[in-house]
Amino acid sequence: MMAELPQEGEQSRARAGLAGYFRVVWTVAEKDVRTELRAKEILGTMAAFSVLAAVIFGLAFDLRVPRTELVVPGILWVIILFAGVLGLHRSFGSETDRGTLTGLLLAPVERSALYLGKTAANLLYFLVVEALLVPALLILFDVNLLKPLILLGLLLGTIGYVAVGTLFAALTARNRARETLLPVLLLPVLAPLFISGVGLTAAVLDGRAASEAWPWIGIIALYDVLVFAVAFLIVDLIWEQG
Amino acid sequence: MNETAVQGGAGRWFALLLVFDAVAALAMIAATWAALLYAGDAINLAGVEQVAQRIFYFHIGSNIAALLGFLASLVGSLGYLISRRLVWDRWAAAGVEVGTIFGVFVLLSGAIWAKPAWNTYWTWDPRLTTATITVLIYIAYMLFRNGFENPDTRARFAGIYAIFAFLSVPLTYYSARLFRSIHPIVFDGANQEAQGGFSIGPTMGQTLAMAMIGFGLLFFALLFHRVRQMELESRIDAFRGEIVE
Amino acid sequence: MTRLSLPLIRCENVRKRHGHRRILRDVTFSVAAGEVLALLGANGSGKTTLLRIIAGLDRPDRGEVWLGPVPLSGAGPEIRRYVGVVAHAPLLYDRLTGSENLGFYARLYNLEDAGARIEHLLRSLRLWARRDDAVRTYSRGMSQRLAIARALLHDPPVVVFDEPDTGLDRQSLEDVSDLFRQLRGRGRAVFVTTHDTARAFSWADRVCELRNGCLQQNAESKRNG
């Protein structure tokens, strides 16, 4: 058997196309979720932290605040912010620790597809945690967050958060102080999401008109679009060399 | 090692840099004099507010310098990511460091002024929020750089972070603006809800211009010195590398 | 058939610095089809850096690497299909089983007939019986064999090994030597780093040494001698 030589123009033969691209995204995401289901490194910690944080916020605020609707928007987004940081750094942390990131980078696939696969897996973890957190807040604070606009804002906000967070997790994975550094890098850049998320949730809980809620959704959506656009331009730079 | 040889040229410019320092120092002295003695009183203010408004020249001056630092970080980061020459990265890093000092000064001078004008040191006004978040991003940027050994990796990753930071700042401003603003916009009286605003007379306008020029020059003097220092550092590292080899 | 005369790996004037440390200075060499090249060098001599550059994981500051007729700089991701890498770390997910690991990589490489290929590799590397056990239960030798299976999964024309002899028992070492013979017989280009001089000469058709970032080609050629 003779080795098949690489030929010029062969790479343009784009084995993949769009379907192939998303097959890679799916493969990476599926692998992450399957590993996570066995290791239980990320989801368990994030879920336990968010419920615990909700209880602690309850103890801290409940007796002092006349109407819990006043603080619940802030509590919701603070918990998501901090629980997220907790999970995100493992996303690439585990790959660099075990050297498997190299294996991914050796594969003949677009690196943005690797990033997107990781992002998809993280998004799933976040949504699972939020699905626990929203009822927990309902029980602890008697505030119902299950309103269409709040949920839409939560979904869009989470997408933007995970997009930046996954990229920054890749950036910090090889930094000396990665666990402690990730929140310091992430939180100020997430300010627009946080402010808009709180603003949106508060506006809906106050029973204000939907027209007052949409500008918030607009900012969140704009953030998502910008972040993904830049992430796609930049993601190759992260892994171009050691 | 051609690159380090070229960087050695920093010495040639040192005399010129000292002259520039002197000019910046003179401009700052002039700006200080104008702000405290030359500028007339604001027409519509009285009492403590009348005195406090003079900090406004330092506030705006520092703000100009902080903005220049922000600009330097973006230009330097893009320059590095495109050209892959570490010179650009030094401008970005130095811009952030010097910009942070002025950014903190903007926040402090604003808080000092806000106490008599707004009766509080702090408020979540959009400009204030954005300025604070920007300073925090700068600090994060400096911490981030610390954690890398390899200067090329450091430059690349810091540059990527700077670009995301640059994108998020206007969005922070717009989202914070959806909350009511009480920050005075001095140059047009359009903001009816602004508190503590005042109209500007001719001497005040001249003083403001002097403050902006003074702080701008001071910023560049500090920036040039920091970049020069970083170049010298990198030369020392290069020599050290050669000795080890 | 003129393509056959082209070397499969060709490094020209490859230069690399880490900060101010010069790791590689103008390294030039080539490996032909059916040839095994061993690279000697002390720890930190730049062996791994050179290997990472050939694998496309690192970019040279100057110079160019060619895989066959294709220069690595500016090549798309598909070029990575032509290289298989056995690195220091096994590049395996220790929570997944042996066959899950290979299945995952097979999907990343978009292999046709992946099942048969995986079964063939697992059987020939004596891992078939343990294919459904998590990799973290594997011994060092088994992980190494699975790492080799992972690297050869897509049957690449160029295979690079980063110190495949560290921490292996005698049986596994013989496996590795045997593998080199097979790869040579099938016309692959093999690039292997090691710091064991005797082993380098027993494995390779040609032996080079990295010293102070320069490639010393003077080492005796075993086969042509």
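Labels A, B and C are assigned to the chains in the order they are written; within every chain, residues are numbered from 1.
The rule is short, and it goes like this: a residue touches a chain if its C-beta (ideal position, glycine included) is under 8 Å from a C-beta of that chain, and two chains touch if they have at least 3 such contacts.
Computed from a predicted model, the values in this text were never measured in an experiment.
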One chain's C-alpha mean falls closest to the whole-protein C-alpha mean, and that chain is A
When A-C and B-C are ranked by contacting C-beta pairs, first place goes to A-C
Rounded to the nearest Å, the gap separating the Cα centres of chain A and chain B is 32
So, in whole Å, the Cα centroid of chain A is separated from that of chain C by 36
Chain B to chain C, mean C-alpha position gap in Å, rounds to 50
Multi-partner residues in chain A (2 or more other chains touched) are 240-242
Touching two or more other chains in chain C are residues none
Among all residues of chain B, those touching at least two other chains are 149, 152
Interface with chain A, chain C side, in the complex: residues 3, 6, 8, 33, 49, 52, 55-59, 67-70, 75-83, 85, 87-96, 100, 104-105, 107-110, 134, 150, 155, 157, 186-189
Per the touch rule, the chain B residues reaching chain A in their complex are 81, 129, 133-134, 136-137, 139-140, 143-144, 146-149, 152-153, 156-157, 160-161, 163-165, 167-168, 171-172, 174-176, 178-179
In their shared complex, chain B is touched by residues of chain C numbered 18-22, 212
The chain A residues in contact with chain C across the complex are 1-8, 10-16, 20, 23-24, 27-28, 31, 34-35, 38-39, 98-100, 102-111, 240-242
The answer for chain A against chain B in the complex is residues 164, 167-168, 171-172, 174-178, 181, 184-185, 187-192, 195-196, 199, 215-216, 219, 222-223, 226-227, 230, 234, 237-238, 240-242
